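Structures incoming, each one as structure tokens.
Note that chain A is present in both complexes that follow, paired respectively with chain B and with chain C.
Showing the complex of A and B:
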């Protein structure tokens, strides 16, 4: 029974939502590729309008991301971080929990990693064995700390009804504030000229295989891909993953089937935070070698939301999405140095890309949450 | 099967000729002919999805037909919109009322057709007009003219809808499943009202899938099946059996299956149960309940009297505030849903759309719903999708789910097929108790018969079964005893043969029957009525 006087904007929104919700996997991949291309095209037009050579700019984008071994490993470095952060977001979003706090969780995970290594280092023999041991300890500490820091908003949502979007955003500020104070105060060595912790001891690093780059190791990428594999298989083949994803699709049906919705929310947030913590550890161990003022860390946790949306919250889809974002991030820093296009313009273009590629998926999710797209949803 | 045509010089109120309407590949109406004579009630009978509502939506100007012609009083007409249909004297009472709830009855009735006086709404003229309509047909709606619609019960709202159509000058009224939301008493009132409207010269089309109602209300009955008009019969010359067979296209059995055993040990027991509803109000107020092996306990009641909360307390979905639940004699009050599910307490939920199925999942994934911890589908937390797929195929085959393809999304199935799948899956748990909440709500006759038979088979196999329903015929057909729930209590328990529908209706409205003990006898062994007629 169609209501003849449904108002027009709502009907149009319903139609778009319906179309997007009905899109097949291939259509969605097509939409993602198409919107990326369109966004880059608009970026080029803006660059041309600002009086720069768009072709030169386009060339710089490619050169800056894949044009040399250095550019390539830089792209892979960002890709690694985006993969882990994207998976962290995807876990939560897939289960219908909106974890916007990956940034805060990665900061807490990163500092926990660095501190546990520095504190334990005196008790461990120097050299390769000690280094590997400390690295593993650091990763573990980051996973635990990130998980706990995400469990908190999970508990608040599950048992006290606090909106997780708000609490996770607030916890981001708390993490940035406290870790920022600690890194500038008690944790800052006397001889440090910048705001940072002590350096990680010699030997705490990922082994340099294939590529030689002080800020990237293929082992880090392999770790990220392994996490993707574990999460993807866990979601598709385990009973826990089924419970989680079903809760995301239809909480009432999950509850009917014996799933405890509260426990699932807490478990989901914890898992998401554990992966987020790993981002901080990889950043500290592979990229930085110490920990810095968290307000100076890239906004991986926020960009990861766009990464996850572009991937339709599918952990495997996060990999190509991260490669795109990694390449853009990488070429951004290249273009900044090698062309006269102002940095604000580059950020703007990246912003347009994010907007274009993420908007259709974001709209899908909003449509699902708000019931747009007609009665049958 | 075709009724004799009246003399040709009196053109019918409505004649539909060769109406065909398709939606994509789906043929909703296939070359349908239909005629509504003046001053008669004509029922349009068919299963869900047989095309009744589509046909009437074409007549009401909501859809354009692909082919065919509409005649009103012998004149061919084209309706671009419901407004055109209204102008031609056709009114439609939708299943979901089209009323603005915060506005008063008066405002709703005149909405869009307000009498004006100098540019202002002339409330006095409106009131006089409505009062004259009400007194002409004996409606009580004029008593509530200043009441916001949201404060009225559903039966009154429906009468407001009818008055609204009459106010707009409707001579021909289409009522889409008008009894779906009403209590038995309200249904009777509605049927009387339809009689009065017919006596006043109106012509009515009554859409329904309930056989007893169309037989009671209509002069003539047209049966639709799969979008085609199967035939038109005078109500006086047909039977439920014949109509059901026309609807379904094969023989249908309404007889109760004979019992094969007498009730055995108690399986599920509740004592002094108190449960709080979603809004913090106590919805179950001290219920005692026992259901035994080889027995079906029916729970009757008007929706919202605590049945939902009671069942959820038994399934483990809702916390018990006070009282105890026992399963095979052991107390299980504090256990959750998953424990009880694994222990053998199966549940056919009230709401198949949001609870029973994940709409976006295919049937294979839905076959796992509730089986996430149950071997062999899951072992040590790992899902064996091959076995789950086999299970989904078994359900689809054994329970005749259409289309017979486990790879389709649940959302694409019709209501009856969704329900058959759920029933099949829940029976697949091999439970000791089956709790079924409105197991056939919105389900067509064919599926209804099938589900009833399965529930009775379960009883005969030795299960304890609890059926909550607001349909009295369903409770009568299934139950060995019927407990009536009113405002959170079992106010009485009766044997199905020992009461009339009217008596059950009174109990559901909270009135005790004369000569009954005032305390409910819920602790009951089945109280066999010696005078019960021998249909089993």
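Showing the complex of A and C:
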């Protein structure tokens, strides 16, 4: 490339961005559906091999996720968490930064949310206004804490070359260890029979507008969808989002166009961690009402990796993928009670989904062999 | 070449620094808590460190072979989990209580890991799967299927007490102070690890096949031109890495005697630590094993502190290896990877 023509790198970036936006959309949807379908099929085969009735299991998956109002709100509850966590992963992956630390960041965000609310509660008048104020403070604290906890591996990657996959995984272990120690030690009230922090004060909750599930509020879902909107627009329409996405796909071209790769990495990780922190806050406020030993919290941050990959790291695509994973997780609660099939199978199926998503060539070959998918490559 | 020697020299210095840091840390601890150093650095501590380091060293040697040949096997952690659960399931199914049964369980674990890795290798090499995402998938599958299998077998994700590997003891020699208990009253699996590490070094640096492996990662086109099938070499190293990780998991189980499937399972990040161990060891099997010793030692400190009644939470002490990993990666993150890591190779013909 000659540097005589300064418009050329920009033009290259434009071309890359255009190509990423259109084309392959149908192919990606096909791969997502194929991966999920095939993984579920393998799950059913495993159920049969373990000596259980696969059809019964399949039925329980459906009943446990959409079979009743209770099951449906539970599905929406998990969907809300997966949307936020999925967006957190998508922000990073889209920019070519592998943030595997969403689980740790949501733990740090969740505990920061709970602590800030509990510490501030004595200074705030009781009642609705105080409750709303505390809720907002909690959300803010979670966003800040999650962002900072993600900024650390971002800085280590950008300026010291430390592989972010490994540092974020280590930081997950460290977050679980330290928060788990604190919740069982200094933060545990004397009268608590289980390992937990104090309860959040009365007024701190998302209002119940539509459903009467104590662990789900439509406000939480609306918040998650709002984040999707902001991130999607931010990625597609702002210059920062543009820099982020292009530096993920074409590092050298982006650098040539004047994008500072180090700062982009740190900013990306921070942004991703901020959304991850929000997951922790929504979990603490909407679902739990206090904080527990994080080793007992659902692995939303890990499953979110599958959610994001299934959505080809597109924030809007995260929504349907989250509904699918929310349904799977929700049916897990049902399976655990009503089925002899160990519920961990669902985690295994999630792993298989990720494996298939990693190998689009496999599906291209299947499509070619079976004549499906016409003349697409 | 001068670049390589430069980096290995710098690495030696860093290794020395790390050692000094560990000693300084130990000194601070002893002065602060008023505990004699010899109560921390006991023969038992050395033995425990060797046992804790073995699974990490095994997986690290496997992982570095794969990466040397140009394939990043990020699934080490997952294969370790599969190795551990396979060994536990085998022991439980054959109802084995003897040492022979433990060896059998280890062999079965290697076999199952090989079979699983074969499928993984095909996805990576033939279908050019994203190596990072596929490796994560192996981990997730391990985190799901291992507790699933445990629940099927035992009703909970934790196995009952199973047979574990005993130490051998050589009469008279084991009585020699310090050296005796370390060399002559030891887990045979520690010896197996040492032998495999040395053998891996010899093969990688002193045999023709070792040069092929290095060439497959550095300059696959040249290797292809020389008439060697690049992908065949890569299949071999990926299979080897899966087998070694599976062996590492099985060794972990054979030392522990119980499978634990809660949280991140009993493997608990050791596969990831193994990756850092070989990065720190500059892709050299001996270096990787030394790095594994460092991480094993950090883990062993936890027990040492408990035995001398230093009142630090065991849970917090258990985080030392993870902190150590981040420190190592930060100081020595810019490792020079083999040139063609992560790139699928397609022959011209």
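The definition used in the following text is that the second predicted complex is superposed on the first by the 318 of 377 C-alpha atoms of A that agree within 3 Å, B and C clash if a C-alpha of one lies under 4 Å from a C-alpha of the other, contacts with A are read in each partner's own complex, and residues count from 1 in each chain.
Quick note on the criterion: contacts are C-beta pairs under 8 Å (C-beta built on N, C-alpha and C of every residue); 3 or more make two chains touch, one makes a residue touch a chain.
A quick note: this is a predicted structure, and the numbers were derived from the prediction, not measured.
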Chain B versus chain C as contact partner of A:163, first or second or both or neither: second
Touching partner for A:347 - first (chain B), second (chain C), both, neither: second
First (chain B), second (chain C), both or neither touched by A:291: neither
Partner, of chain C and chain B, that touches more residues belonging to chain A: C
Which superposed partner A:253 touches (first chain B, second chain C, both, neither): first
Chain B versus chain C as contact partner of A:302, first or second or both or neither: second
Partner chain(s) touched by A:239 [first = chain B, second = chain C, both, neither]: first
Touching partner for A:216 - first (chain B), second (chain C), both, neither: neither
Which superposed partner A:362 touches (first chain B, second chain C, both, neither): second
Shared contact residues on chain A - chain B and chain C: none
Complex interface listing, chain B residues touching chain A: 53, 57, 62, 81-82, 94-96, 98, 316-317, 336-338, 341, 347, 349, 351, 354-361, 365, 368-370, 372-373, 378, 381-383, 385, 411
Chain A to chain B touching residues, read off their complex: 1-4, 237-240, 242-243, 246, 249-250, 252-253, 255-260, 376-377
Contacting residues of chain C [partner chain A, same complex]: 74, 123, 127-130, 132-134, 136-145, 147-148, 151-152, 157, 261-264, 268-269, 272, 275-276, 279, 313, 315-316, 318-319, 322-323, 325-326, 329-331, 333-335
Touch list for chain A against partner chain C, complex: 46, 50, 98, 100, 156-157, 160-163, 165-167, 169-171, 173-174, 176-178, 180-181, 184-185, 295, 299, 302, 305-306, 309, 342, 344-352, 354-355, 357-359, 361-362, 365
